[in-house]
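You will see two complexes here that share subunit A, one where it goes with subunit B and one where it goes with subunit C.
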Partner chain A sequence: MGLLLTLPAVAVIVILIGYPTISSIWYSFTDRMVGSPGRFVGLDNYTRLVHDSGFLSATANLVLIVGVSLLLKLVLGTVVAVILNRPMPERNLWRLLVMLPWAMPGFVAFMGLRLMFESPYGAINVALESFTSPVPFLSDPNWARVSVVIATVWRGFPFWAISILAALQTIPKELYEAARMDGASAWQQFTNITVPQIRSTVAVVAVISAIWTANGFENIWLMTQGGPSTTTMTFPVLSFLSLQSRQLGQAAAYAVVILPVMALFIMLLSRRKKEF
Partner chain B sequence: MRHLRKMQAVGSLAAIALLAAGCSTPANNKDAVAAEGLGTPSAEVAQAAKDFKGPFTYWIGLTFPESSNDLEAARIKAWGDNLGIQTQVVKVNQNEVVQQTSGAIEAKSLPSAMTVPYDLMSTMGTGGQLSPVPDSYAAIGEAHGGWLKSIDSATKAKSFGGKVYGVPFGFFGSVLFSRADLLKQKGFDAPPKTWDELLAQSKATQTPPKTYGMGFALSNVLDGNLTTSIMQSFGGRVADDAGKKCTINSPETATFLKWIKGAFDAGQFPPSVVTWDGAGDNNSYTSGESLFIVNTGSVYQSMKKDDPELAKASAYSALPAGPVAQVAPVDPRYRVVPSSTSDAGKILAQDLFKTLADDTYMAGFMENATYGPVLNSQLKYPVFTDSPVHAGLLKQAEKGTAPAFPDTANAAYSDYQNAFSTPRMVQRVVVDKVAIDKAMAEAQASCQKIYDQHAS
Partner chain C sequence: MEKRSRLGTFLGMAFLAIVVVPPVYYMVIASLKPRSAIYRTPSWLPERSSLDNYAKVLRDDNFLVNIGNSLIVALATTLLAMVLGVLAAYAIARFKFPGRNAASQLILMSYLTPLVLLFIPLSVVVGNLGLADTLSGLVLVYLTFAVPLCTWLILGHFREFPPDLEEAASLDGASKMRTLVSVLLPVSAPALATAASLAFMMAWGELFLALTFVKGQGVMTAPVALQHMSTGDVQQYGPIMAGAVLSAIPVLVVYYISQKWVIQGAAEGAFKG
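Let's turn to the complex of A and B:
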């Protein structure tokens, strides 16, 4: 009877997750194109990746763009959460405003940022006009990475801030009062009370955010299309570009090759959840 | 006080009346054009309308300005109302039509009929996803003075094996926009005839970082595929005449890459061209940043409305020639019927194509949209003499090159273009600074993979 009751949930998982995932893995071993079944080609789609400059860039960006974005979101999110946790006038309004970047549609957010970063007539360059010649925010390989990271952090940090803020509010005030009575400085209170109390939340948020950022498409596509050349290339964009020429097998290979990294993130997340 | 309120009320009423008048006149005109020539349907069509189940869905490729899309949608609705069937028009961004159609093919949810670019018709037709429409093609041609030669040969390309997969209704051409006012100041009275002339004019006239000469996208967008035409004009080829073996890796391609790298390194391109989106060239030209752009004509439509002075200060000419040839591809747009459409739907779709080819309607449609003519009857539309861009398209209809020329138009070539292969090769050279030989070898490998997949 118990097994029978789990059947609907199992069916949903099989249909919505199992079938697409297994299909993608299977496609990645074929030369399937849109509208044609394709043939089994073994590891061809994967061996090609070794010589693919886009793949090498995407791998590097998995560390660079995702790693740096996470770090900055952590710092910014924590700082904003700590500030918003303090008594201040119109605190609820500030909390609402902080959520705006995360709440607005990604398309609007990244198109807006793209327009701001444009060179030479984007808003940022116009503002910097008196100090410097136009900065090629999106066309210079190094600046393009920086711009994409800034945009990704700007859009993503509110999620961190609000999650950390929620964790901060669960810390009993008595802990801080006791620490103050023992003569602990503000920094000591932060490192010995706040950090241990929010660590689990930060870990979960970090894993979720890493998965979102690594799978993020609109931030890259709307800002740089993975360019200039392959400088800001990521796996979702590579997959999309293959779909553009209707190569389902190759597109699936780009999507599948990132699965072990995602699986690692998910394992970390599951472990953290068990700790709660 | 009461008097003031009365005046305010009268003013408000007057404003509403004015607004209503302003809105209703074009709407009535649109409705009149949309309903033009809708008569009693033939017995076969009337029966198909009775047998047809569900709404008749039609995907139209969005074009600029929106009024032309609205007119097309109104025409389709009027046709459906006349037959007593429900219609559903879906506007699809032309930059996304490949992805949307690919998704629909896989999900088996293609519309009853749709408009597609030549490339997509080619891949869908040879992939068995389109129903051939030779009779409609012949009938519409006959009713409108015949098809233009370049369009007819593109529609009956060898790679289609004698089948006609779609009914063309207009073509996108590539028009060179140049800032005639600024070029004249430097003594250039006529638009450049060759790419080298264009480079020379650009070098002499641009004043970076305020203005740059060559506003041509080198990014992963459809506009970036202009680089394929330039490469072909330098003698480079995507594939051999059989359309099976890639021939990117060639001395001619190397010459083209050297030329474009030279121009890029000399600062002739706005630096942001390597990440431009589909509107990059439009924005660059209308903001005064670029002296030259290549565009289908949508920029002219927006300038005509928003910046008539710039429209007047610009010259519109054919694409320049390279050292080997002048490549100015005509890119016809087609109305097609997916093979998944029911038999009754196929009859209705072909009736709709005839309805949409009506000259009074098409003259109104082309007045706004920047399509070139495909039928002899369209040559007489006033827009092709009144508008300089349309006049350029008219010339291109006569002198332009066939799609893919000098390459062979087939599904593999379309997918090569859809993957932005040439602009990506150019980016490897100008951004990543890899050796030309290496960039060509990489492009050759990815191109051959695409061609091999189509051969298997």
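Let's turn to the complex of A and C:
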């Protein structure tokens, strides 16, 4: 009977997740197009990547966009969690507010942020009007990366904040009281008590967030579509663009090529959390 | 000391407000500006507000159809994923059967599987089923994230809940399914609410799969329709922001009603996007 009850869910997973995963890997070794099954071409779709500026850019952006975003989410998430962990009036209301960037639909968040970064009439340039000439936040290669990172962090930090807050609330108050009696400063309390106590939560959150950030699509698509040129390109966007030009094999190669990175993340995660 | 701590609290609240509020505020203001005024008189102040943009997006762009599509897709996805998730979680938590551990591993792995790895073959499968460009096709592909999410969250709570009550019920002669419905589900209401709210919120705002699977004007969900408007004329920002605000409302209502559970779910790592 147990088998029977799991069957529908397992069927969905096998048919809609397992089969497509394997198919993607297979497609990536073919020159399949929409409407033509294609033939086996070995590593052609992969060797082509070496000269592909989009691929090189997406690889660099695993560090420049994904890595930097994660680091900033950690910092901002921790700061916000520490603030929310203090006694403050209407704390629940503040918690609700802080979660807003995460709770609103992603496309709404990124469309709004896009409007902030527009040049010359976006909200930030309007605010800076009297100090500087318009900053090309989305059309200058370096600024475009900065803007995408800021938008990604804004959307993603509440998840970090709320997870870290949950960990902070499990730390026994007595630890801090004892430390205060010994004359430890606030910073010493943070590094000697808080950090070790939240470390394992942060590790799990980091891996999950790394997986989703590396596979993020709407942050890039709605802000820059990978541009200018290919400066803010990422693998999901490359894959999406290839499918739009009907090249299934190439699109699959872009999706499959970061699988080793994902596998590494998942291995890290399963080490951290034994039930995983 | 007391004074310092109050200053700290104040600074903390100011910091939170500065980080979160400006983009949200600007979005709302932009949606209320008279048409095209976002560029002509760019400003952070809500001078001359009007509902023109809302009228435009609802009347001229038929945006209610897209909102309706999003609603249908999100509700259908949530409902299906919840039924499948409850059954699978119940089986894994309460029955011994071959492959039980494998099933539980499979669910977690599939929850972590990136959508970008799935969408290409899925577009072929959905096409072969004759479901290309239909809401049913989109619901089908949304099950790829909703089923693992719901199953995983519900499973966590079923496992924590001691089986004593159910054993008592089955001694009284209740069938396994009856026990599930009348004993286990009522006590798991918070977990069910978490899973359902998160599935609804994710399905509502999903853009990546929607762009691939629904392309016709009549079947576009809200994010796809807005993305189409934004690739056209730049002057459309007002109506687009009005549409964005409108599409945020249902999700924020769900978020507000189920905040306790949703935030709990987020802290447990239920997160995609």
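Observations on the structure shown:
Here is the rule we go by: the second predicted complex is superposed on the first by the 260 of 276 C-alpha atoms of A that agree within 3 Å, B and C clash if a C-alpha of one lies under 4 Å from a C-alpha of the other, contacts with A are read in each partner's own complex, and residues count from 1 in each chain.
Heads up, the rule we're going with is that a residue touches a chain if its C-beta (ideal position, glycine included) is under 8 Å from a C-beta of that chain, and two chains touch if they have at least 3 such contacts.
Quick caveat: nothing in here was measured; it's all calculated off a predicted structure.
Per the definitions stated earlier, placing subunit B and subunit C onto a shared subunit A by superposition produces a clash between them. Legend: residue contacts after superposition of the two complexes on their common chain; A:Arg39 is shown touching subunit B, with no touch to subunit C. Of the two partner chains placed around the shared chain by superposition, subunit C is the only one that A:Val126 touches, whereas subunit B remains out of contact. Set against each other, subunit B and subunit C differ in how many residues of subunit A they touch, and the higher count belongs to C.
In the superposition on chain A, A:Val12 makes contact with subunit C only, while subunit B stays out of contact range. When the two structures are aligned on the shared chain, A:Thr47 is found in touch with neither subunit B nor subunit C. Judged by the touch definition given at the top, the superposed model places A:Leu243 against both subunit B and subunit C.
When the two structures are aligned on the shared chain, A:Gln188 is found in touch with neither subunit B nor subunit C. When the two complexes are overlaid on their common chain A, residue A:Ser229 makes contact with subunit B while staying clear of subunit C. In the superposed model, A:Leu100 lies in contact with subunit C only, and not with subunit B.
Only one of the subunit C stretches 128-136, 164-172 or 200-208 carries C-alpha atoms that clash with subunit B in the superposed arrangement, namely 128-136. Across the superposed pair, subunit B and subunit C both touch subunit A at residues 121, 222, 240, 243, 248.
Across the complex, subunit C meets subunit A through its residues 8-9, 12-13, 15-17, 19-24, 26-27, 30, 38-39, 42-44, 83-85, 87-88, 90-92, 94-100, 103, 106-110, 112-125, 140-141, 143-144, 147-148, 151, 176, 201, 204-205, 207-208, 211-212, 223, 226-227, 230, 237, 240-241, 244-245, 247-248, 251-252, 255-256, 259, 262-263, 266-267, 269, 271-273. Of all residues in subunit B, those touching subunit A in their complex are 98-99, 102, 105-106, 123-124, 127-129, 209, 219-221, 271-275, 277, 287, 289, 415-416, 418-420, 424, 427-428, 431-432, 442, 445, 449-450, 453-454, 456. Residue ranges on subunit A touching subunit B, taken from their complex, read 31, 33-36, 39, 48, 51, 53, 114, 118-121, 133-134, 136, 138-141, 144, 222-231, 240-248, 250.
By the touch rule above, subunit A contacts subunit C in their complex via residues 1-6, 8-10, 12-13, 16-21, 23-24, 27, 76, 79-80, 83-84, 86-89, 94-109, 111-113, 115-116, 121-123, 125-127, 154, 157-159, 162-163, 165-166, 204-205, 208-209, 211-212, 214-218, 221-222, 235-236, 239-240, 243, 248, 251-252, 254-256, 259, 262, 266, 269, 276.
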